[in-house]
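First chain written, first letter: the chains are A, B, C and D, and each begins at residue 1.
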Amino acid sequence: MSEKVKVAIVGSTGYGGVELIRLLASHPLAEVTSVISSSSAGTPITEGYPHLIGISEELLDDVDPAGIKAKADVVFLATPAGVAAKLAPGLLQAGLKIIDLSGDFRLKQPAVYEQWYKKPAADEDFLQKAVFGLAEIYGESVKGADFISNPGCYPTATLLGLVPAVKAGLIDPATIIIDAKSGVSGAGRGASLGTHYSELNENFKAYKLNQHQHIPEIEMVLSDAADKPVISTFSTHLVPMTRGIMSTMYASITSDASVSNADFIKLYREFYQGRPFVRVRPEGQLPATKEVWGSNYCDIGFAVDARTGRVTIVSVIDNLVKGAAGQAIQNLNLMMGWDETLGLQFVPVYP
Amino acid sequence: MSEKVKVAIVGSTGYGGVELIRLLASHPLAEVTSVISSSSAGTPITEGYPHLIGISEELLDDVDPAGIKAKADVVFLATPAGVAAKLAPGLLQAGLKIIDLSGDFRLKQPAVYEQWYKKPAADEDFLQKAVFGLAEIYGESVKGADFISNPGCYPTATLLGLVPAVKAGLIDPATIIIDAKSGVSGAGRGASLGTHYSELNENFKAYKLNQHQHIPEIEMVLSDAADKPVISTFSTHLVPMTRGIMSTMYASITSDASVSNADFIKLYREFYQGRPFVRVRPEGQLPATKEVWGSNYCDIGFAVDARTGRVTIVSVIDNLVKGAAGQAIQNLNLMMGWDETLGLQFVPVYP
Amino acid sequence: MSEKVKVAIVGSTGYGGVELIRLLASHPLAEVTSVISSSSAGTPITEGYPHLIGISEELLDDVDPAGIKAKADVVFLATPAGVAAKLAPGLLQAGLKIIDLSGDFRLKQPAVYEQWYKKPAADEDFLQKAVFGLAEIYGESVKGADFISNPGCYPTATLLGLVPAVKAGLIDPATIIIDAKSGVSGAGRGASLGTHYSELNENFKAYKLNQHQHIPEIEMVLSDAADKPVISTFSTHLVPMTRGIMSTMYASITSDASVSNADFIKLYREFYQGRPFVRVRPEGQLPATKEVWGSNYCDIGFAVDARTGRVTIVSVIDNLVKGAAGQAIQNLNLMMGWDETLGLQFVPVYP
Amino acid sequence: MSEKVKVAIVGSTGYGGVELIRLLASHPLAEVTSVISSSSAGTPITEGYPHLIGISEELLDDVDPAGIKAKADVVFLATPAGVAAKLAPGLLQAGLKIIDLSGDFRLKQPAVYEQWYKKPAADEDFLQKAVFGLAEIYGESVKGADFISNPGCYPTATLLGLVPAVKAGLIDPATIIIDAKSGVSGAGRGASLGTHYSELNENFKAYKLNQHQHIPEIEMVLSDAADKPVISTFSTHLVPMTRGIMSTMYASITSDASVSNADFIKLYREFYQGRPFVRVRPEGQLPATKEVWGSNYCDIGFAVDARTGRVTIVSVIDNLVKGAAGQAIQNLNLMMGWDETLGLQFVPVYP
């Protein structure tokens, strides 16, 4: 116990925070020493989350850098947009390592953040300092970093599905169209008409078309992979389920010669060799969201269409695990120089 | 058109109100001439309910007895507890007929209302004036009445399932236990953590055990049927679905002789003869909530158990139709001296 | 009664057949005189569908052209692929009018049918005789026809969303990508692992990418609208809900000048003027599937993206109504020279 | 690795079997060395369960006692009713320890089994040998046993909720009424109309009233707790969700003096002291099924009603974990003399 790394979670009463608590409960080298919520400080976390009775009975702490430093070595920020931008500098100066699950430090240009998030951006120095923690793509930068910006849920599913093909020049990045679907937990725990049970059950909705704040994050990485500016069409839909994201992605195949599903599978398997959380599906098999439910996997499948010269790539994750808390712990593991799977070897819960 | 009865709906932006709009759209002798919402007056109802585009494009009116009287002959009150208590006297004095879908006028003793609803009761004179509109039981009193108090959703399913057996003395009222389950739309449209999609989906909850405000309403009618005071155990649960109520009801059979399912079926078929909205199921068949979905039916089935000397009675309704708007229109039909099925011959939507 | 057109339904025990029964129950000029099922002939339809107790108590008839002719004027065929191909000729020769809800007569080239359906095609003469009943596009041909081939569910949502823009040359048909999502009732009532509750609940799946039999049907109509061959990418997904289809459609805008959402809305409103079942949504509003649930509406919204030069078109229907039984009745109305809305003025059931 | 106990699972392609694989994947002292399915022998388990790709890639073995003995020390039987009755004797004779998850060895009288299961009972000698593994009640008998009969899902939730009060004489066993509700995974993976998505979604059904095969199992243990024969009313319902059971239980309180919720809570906390998987909820709090989802907990809450003199007890479990695979592993731990929580410290997955 005494040797475990001490971890604090700011925003413990949100779904991202409570998922960190669940996953870290079985981490062999880390332990949660402070659960923090500015809105509920002083009350036990079990008041809002009775499923934690007997598991995490702590009183919630308030947000206070010195107090956090006294209790922890690493801080996860699972806070709404705009909060981490204010908190992170003080926490870093207090000597804490940070993994931020919000969007505040993902985009490197303040103007782009402000355009898409409609909020003031974080200090540019800190924007530059934060390493974008898409572990399977930028894992090398994560190792040894002190300040990680954890990717968004949609970008994680989308980019893991697109980057290998874009890097290899197998698809034309200018033709990329991304049709993404998410379970409702991605909207957080705040009650609203938009997340009201009777409005969403037996309903399928599109929202924020062409305006989602994850668009610049996706384009940032695609441009890096293509080594030229990429803009793309990105649509989001709400599925009547709690967890899961599927990105269905379309692009024109560049090659004149016939490229097959097998070619995509081979390319992706090589690209993700040694990365245990990406599972490239065999020929003819497309992943469904439930097949990664509760786990840190991202599963990817392909459907090349000779008629149209396009490929459809299907990528699925659990938005609260690989799309948030799980990937954050994966980044913790990489930061600390540990095996990236520590505490994350959850089998998907099926059915 | 000019001969249709004019109807106003106060509380048009709640689920009960919007269901009245749906059902009345096909009523041959009534037409909605005013949709009223104090909170959204001046805006079109389609703003909150785009499914009504092209069907009901009216601007919402404010609550004003004189204004209502100028537009309508009958008013439906589909308002939260406490509102009808204040509105009804003025509307009656303005010469309007009223059908109140709230609980404000169901209980005849102010003290009982205040105990269970934790709100001031309506004026006792008006409590006495309001006819309790459980159509299949008190239909004769409804005919020609000017002021109807429409029963609650749970009491409707429960009482239609119990009254014939209690009246006939076939079951011992002191042993009645009611285990009721409802879809989430019964909780209304107000957003809260308790109706948040991610909290309710894939979840089954019990709530308000022994404390639900429908308990005195159920006991009032059971006592009337038994001709002696009846108290009973009543539990409510939330089912991850939008519409539907099932009451599973238990009671000891009084008779020493063996009473069979066939005896119950015969009794109930005779009791409900000529009442088209109660369907007594054949031997061995229990109704499911979806089999009445979107319709005004109440379906009832029986399971007599010789081992325990108890009967289990299962009764299902669509909480927004037979449990609210549909029964309210049935009461309108009875008040006006029309056939009770006018505008209500909806086939259940299956699947 | 005696003046009503008599209607028989072959395949009454499938979801399409049972939805025809529901909708026709309130049709003012048509009545169902025979419900037919080769597999369950002689049993009451309520055995499999207890929600029809008191509504449709008929015994199921067997399939027999002479017997059908004795009872009916018009036959709806709601049968699996391959059945109508065999039945239709005999029924036409017996003097019956036919509306076929299956795919057997939609494609006009036998080879194309056989390629996509993996079954022998119908006789080519009859293929040519059958009028493709996409009412808002080919309504004029439907009027007075004796033999209608009712469109598929996905094609209906998709084509109503694309045809006006393609006809007007506003989008480049070569760039069309269709990402479609359907509720599970589209898969019919046959039990299989693929429609097993525990496998689909809290799950989102892609299936039959580039291989769905609705692809040639969509391309047939798009080619007709573009007046040149169109091939397109079409993907299908299963949503954990019972009813509803959304087609999210992407295409490049042809014009150099900036085309706005308002331009699309204006074009579509003009195109569908006088067609009451298509509702073009106002600027900034995208339809959700529940907003047409249980009704014959097709709702369409737009999101033009100046950044990418593409438009995203969102179109929703209830797959069992506008996507099957409702459109079939709309075609009946048109065939008979009646108002196209007869018996179809259902308000969407919300919530 | 070499020191781990080797485990075989017969019936690996059912939901119980696949849940054993999930849970055992993180067990520190046991490892699955053979996954067995007579129907799919020779194929990889990932064919039917792609979520196991990269986790459990084994080919399925056939059922063969000698072969099993060569690979394993302990066998879990997760087979349909009637199979274990035939398999167990041979496996025991081969020297294997057995944990049977089916109902074949729970009832100790062959005639009772045959009456409720409608199948031939197992050999009576073996019925007597099998220890009924309700761990919190009969844990002492489980320790060191070689042959465990794992309780049913409904009995587990029900009995853990009733036994302490019955043993203490706080409730009258003759008045017990149990209204139980289950998610659909309890019905297994076999496709049927009764588990078809479109039939169950947005539906709530009662089934097998007074006839469920878990009734004699519940009465066996209640009779043992009361030390006299107990018969009780037990009803089962299907909830539109995948996992979770709630038993809502009613009984008359025996004491004349007023017994409070606090008295029940105190009694149960003492009774379950040291048993980590039963969580007795604090006053005023009732458990919901999702609060134990994916975990081995059984949570219990109380609502005493002074008006009626009855208590309502609410008990929830995950039917596939505490109601099947989790409790089976708990029994493995007890058999082997290990800490009963080994490999079972899963935090409920919420939301």
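Throughout what follows, a contact is a pair of C-beta atoms (placed from the backbone, for glycine too) under 8 Å apart; a residue touches a chain by one contact, two chains touch by 3 or more.
The structure presented is a predicted model; accordingly, all values stated were derived computationally and were not measured.
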item: Touching both subunit C and subunit D (chains); value: A, B
item: B-C or A-C, whichever has more C-beta pairs in contact; value: A-C
item: Chain of greatest Cα-centre distance to subunit B; value: A
item: Inter-centroid spacing, subunit B versus subunit A (mean Cα positions, whole Å); value: 46
item: Interchain centroid distance [CA atoms averaged], subunit A/subunit C, Å; value: 39
item: Approximate Å spacing (C-alpha centroids) for the pair subunit B, subunit C; value: 36
item: Multi-partner residues of subunit D (each touching 2 or more other chains); value: 15, 183, 185, 198-199, 201-202, 240-243, 290, 293, 351
item: Subunit A to subunit D touching residues, read off their complex; value: 15, 18, 21-22, 25-26, 49-55, 185, 189, 201-202, 242-243, 276, 279, 281, 285, 287, 290-295, 297, 299, 345, 347-351
item: For the subunit B and subunit D complex, residues of the former touching the latter; value: 177, 179, 181, 183, 198-199, 201-207, 209-210, 231-233, 235, 237, 239-244, 246, 248, 250, 286, 288-290, 293, 301, 303, 305, 307-308, 310, 312, 314, 316, 351
item: Residues on subunit C engaged by subunit D in the complex (per definition of touch); value: 15, 183-185, 187, 189, 191-193, 195-202, 240-242
